[in-house]
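Below: a set of structures, written as structure tokens.
Heads up, the next two complexes both have chain A, just with different partners, chain B and then chain C.
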Partner chain A sequence: MTFAERMLSIDRRIIFLVIGLCTLIPLLYPVGLAIKVSPEVRSVYDYIESLPEDSVFLLSLDFDPASKPELYPQAVSLLRHAFKKNLRVIGMTLWLPGTGMANEVISRVAREEGKESGKDYVFLGWSPGGSSVIINMGQDLYKAFPTDYNNQPTSELPVLKGVQNLRDVSYVISLAAGTTGIETWYVFGKDKYKFELGGGCTGVIAPGLYPLLRSGQINGLIGGLRGAAEYEVLIGRKGKAVAGMDAQSATHFAIILLVILCNVFYLLIRTSTRAAEQR
Partner chain B sequence: MTFLRRQLPLLITLVSGLLFAAQYYVPHPSSELMLTSVTKWLQIIGGFALILGVTSLFHIHAVKIRRKEPGWGYSFILYAGMVGTIVIGLRDGGKETIDGAATAFGWIYTFMMVPLQGTMFAILAFFIASAAYRSFRARSREAAVLLIAAVIVMMGRVPLGEYLIPASGDVTQWILNVLNASVRRAILIGISLGAVALSLKIIFGVERAYLGGGKE
Partner chain C sequence: MPFEVILGAWVATGLTLFILTFLYQDNPLFKLAEHLYVGVSVGYAIVKTYDTVVIRLIYEPMVKQGDWSLLIPLAIGALMLTRYAPRAAWMSRIAFAFVVGVGSGLAIPRVISSYILKQIEDTIRPLLTLAADGGATFTYDLLNPASNLNAVVLLVGVVSVLFYFFFSVEHTGPGQAVARTGILFLMVAFGAAFGYTVMARMSLLIGRLTDLIEYAQPQYERATWWLLALTVATLIVFRVRRKGTEPPP
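Right, the complex of A and B next:
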């Protein structure tokens, strides 16, 4: 077996170790490289900035704990921004396993920003049906969610004063890890009830949402941990996403290096095989 | 029986399909009221679908445990986990916290489900790296193009890439906004046309697979 062949069949645990170290070391010793803000993230930020005080902002946390590392920091930044702008925040989720986490992030950020449940924000929780929930909210929010997550009648909450359905919501952002998510909110929500829609998603599904972004079906897109880090930079409160960018830089470069090495060894083997065949 | 098993479902599908396709274009209050009622039905049916799914899962794993099929131990753990979580969840009213204090259900959610799901997803990074090393090879021109595009996008999406090669960020944006978006759009249009065609076939009773098999 040649050196190249040996390298191509390297024990995968060595690769796991390299990736593990590339994640761990930058987290322990951060470098803090500058993060450039992309236009799609800035669009979301600018739209929230442009909203007048007391506007209704709906954040749908459509993800489960598996996507927490990427989408949780996005939720924290968006909530901080919305609370700083004194918007009325409605939180909800279309993903059942994410309910507890969604409640936790909204309650925690609201507490940090000195906001009160029922008065400044409400967490509606989860309701079965996915797209049907969106249509139902578009028709009548109080029929879709008669009570909030804390069993308070939604019709009596000051935060929802003047809000009858999705037409009364100024801005909706779906933080999605798949379907049901941003596309569902567009097809069953924005298209009919005419509210502005933005999105946040995991890195892996972001490329699939660019057609919606380019056509204006969503006005902005926060993609993955990078998007979350950009938003943290924009609101001036660096958090877990910015801290994770060094680790992501290192792992990306480790994978690039591994791919290059794999191709070098592959070409070496191919060249030597062809040479042997010619002889 | 044929009427109940075949003709009635087909009739309901035809009437509902045409009615709600037309409803989208009719903003009259009675049309909107009909939509509100039907979506509420859908939400209720969605709830029942959840019960159906859980029941089916219970049944499948109960059979595995009873027959002691290979891997029945995992089924037992799943069974115990599900039953335990349901019992504790019902006791705590499905709440993770009550008056700020974590419930037992909240403890299970925060310290078992959240880290377990996070771990499962995080493991992907290791497998992706290993798989990329073993299989991401420039065997053809097309594969080489894919490889180069992937390397550029991976560089352009992290600060270190933009620091080393400042143009990588802009090139990545171009790849995502132009090449990726146009191809994705073409795929989406194809899928949507297929969905429209399939919907029409179902509404008009050409496609009947959803009715299931069984005797006429």
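Right, the complex of A and C next:
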């Protein structure tokens, strides 16, 4: 067996170990690689920055704990930015398994920023129906969510004063791990009720959302952990996403190297096989 | 630190390590974590659905606020349960027909407008922009989404990929060149999607390792170290016990 053949039949657990070390070492000893902010992330930041105080900002946390590493840091940064700008924040989720986590992140960040439930923000929780919930909110928010997550009647909450439906919301951001998510908010929400829409998503679904960005159907897109890190840089509060960027770069470098090596070994084997056949 | 936070950290650490043991080989610790995940997810979904739908959206508005009009959707929904009684199962079709009819009616016009018309509008964006003074501009900048060079790339990509999937004409001569261009665009799209997927999966690993590092701190009673030792010891025991029972190769 040649060296190239041995390399191509290497125990896959060695590759797992290499990737694991490439992730772990930069997390333990960060080097702080530069993070360049992309235009699509800056668009979201700029839009929130341009909103006047007391504007209504709706954050739909459409993901479950399986996507927490990518979307939780995005939620934390967006909430910090919104609370810093003194926006009225409405939190909700269209994903049932993410309800508890969504409540936890909003309550935690609000507590850190000194905001009060019912007065500065509200978490509406989850309601069944996906797209129907958006349509229902577009007609009457209080019928879609008669009570908030803490079972308080939404019609009595000071934070929702003057808000009747989605037309009264200044900016909606959906942090999505799939469908139901950004596309649903566009199709059944923005297209009909004419509010501005931005998005945050996992890396897996990001390529599918770029057509919406280009056509102006969404005004910005925060993609994956990288997007979360860019947003942390923009608001000037570096957190878990920025801390993970060194590890992300290291693993990407390792994977590129492995792909190149595999191709080189494959070509070597093919060349030697052809040479043997010609002899 | 509150006891429940420490307990949560220990549970999260243990289950993370148990799941990661699958990278070594399939084992009972992985299966335990896997089954727990399925059970907890289903249990959580049932409880949240019952609390939100049955109690908050049906029972409380009807009984406390007297909104008896909710009996109509409740009755339609209840018809679905007739599937369990073979003689009455036909009634469930009424509920399904309602769901399919309303769903299609809501979705079809909105989806056509959002996905097809809007995207076509963007694809056939004018290549030349007429300025106010009568002059025409054509900007070349691949990094600028509003650039007309991007519009050309987009147009070529859409047309060539559509042609690649057009099977009524044999792909020979100039048609072959267009179809091959379409393949190139598809390969680039698949590559971009794969790259993003790799990035996403690595992000998940980073998330778990970040938590494991955090839970190795003294305030969490060094959960990661203790549970890592326990996991490795258990794997060794399983390995030793399995050695005698393994079938010959």
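The criterion applied here is as follows: the second predicted complex is superposed on the first by the 279 of 279 C-alpha atoms of A that agree within 3 Å, B and C clash if a C-alpha of one lies under 4 Å from a C-alpha of the other, contacts with A are read in each partner's own complex, and residues count from 1 in each chain.
Convention: a contact is a pair of C-beta atoms (placed from the backbone, for glycine too) under 8 Å apart; a residue touches a chain by one contact, two chains touch by 3 or more.
Given the structure is predicted, the values throughout are model-derived calculations rather than measurements.
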Touching partner for A:226 - first (chain B), second (chain C), both, neither: both
Touching partner for A:244 - first (chain B), second (chain C), both, neither: second
Chain B versus chain C as contact partner of A:133, first or second or both or neither: first
Which superposed partner A:146 touches (first chain B, second chain C, both, neither): second
Which superposed partner A:24 touches (first chain B, second chain C, both, neither): second
Partner chain(s) touched by A:186 [first = chain B, second = chain C, both, neither]: second
Which superposed partner A:118 touches (first chain B, second chain C, both, neither): neither
Which superposed partner A:252 touches (first chain B, second chain C, both, neither): both
Which of chain B and chain C A:217 touches, first, second, both or neither: second
Touching both chain C and chain B, counted on chain A across the two superposed complexes: 16, 19-20, 23, 39, 66, 68-69, 96-97, 100, 127-128, 132, 135, 192, 203, 206-208, 211, 213-215, 224, 226, 248, 251-252, 255
List of chain B residues in touch with chain A within their complex: 24, 32, 35-36, 39-40, 42-47, 49-50, 96-97, 106, 109-110, 113-115, 117-118, 120-122, 125-126, 128-130, 132-134, 136-138, 147, 150-151, 154-155, 157-163, 169, 173, 176-177, 180-181, 184-185, 188
Of all residues in chain A, those that touch chain B in their complex: 8, 10, 12, 15-16, 18-20, 23, 33-36, 38-39, 64-69, 96-97, 100-101, 103-104, 127-130, 132-133, 135-136, 139-140, 143-144, 192, 203, 206-208, 210-211, 213-215, 224, 226, 245-246, 248-256, 258-263, 266-267
Chain C contact footprint on chain A (complex, rising order): 13, 16, 19-20, 23-24, 27-28, 39, 66, 68-70, 96-97, 99-100, 125-128, 131-132, 135, 146-147, 151, 183, 186-188, 191-192, 202-204, 206-208, 211, 213-217, 223-226, 240, 243-244, 247-248, 251-252, 255
Residues on chain C engaged by chain A in the complex (per definition of touch): 23-24, 41, 44-45, 48-49, 52-53, 56-57, 61, 106-107, 110-111, 113-115, 118-119, 121-122, 145, 150, 189, 192-193, 196-200, 202-210, 213
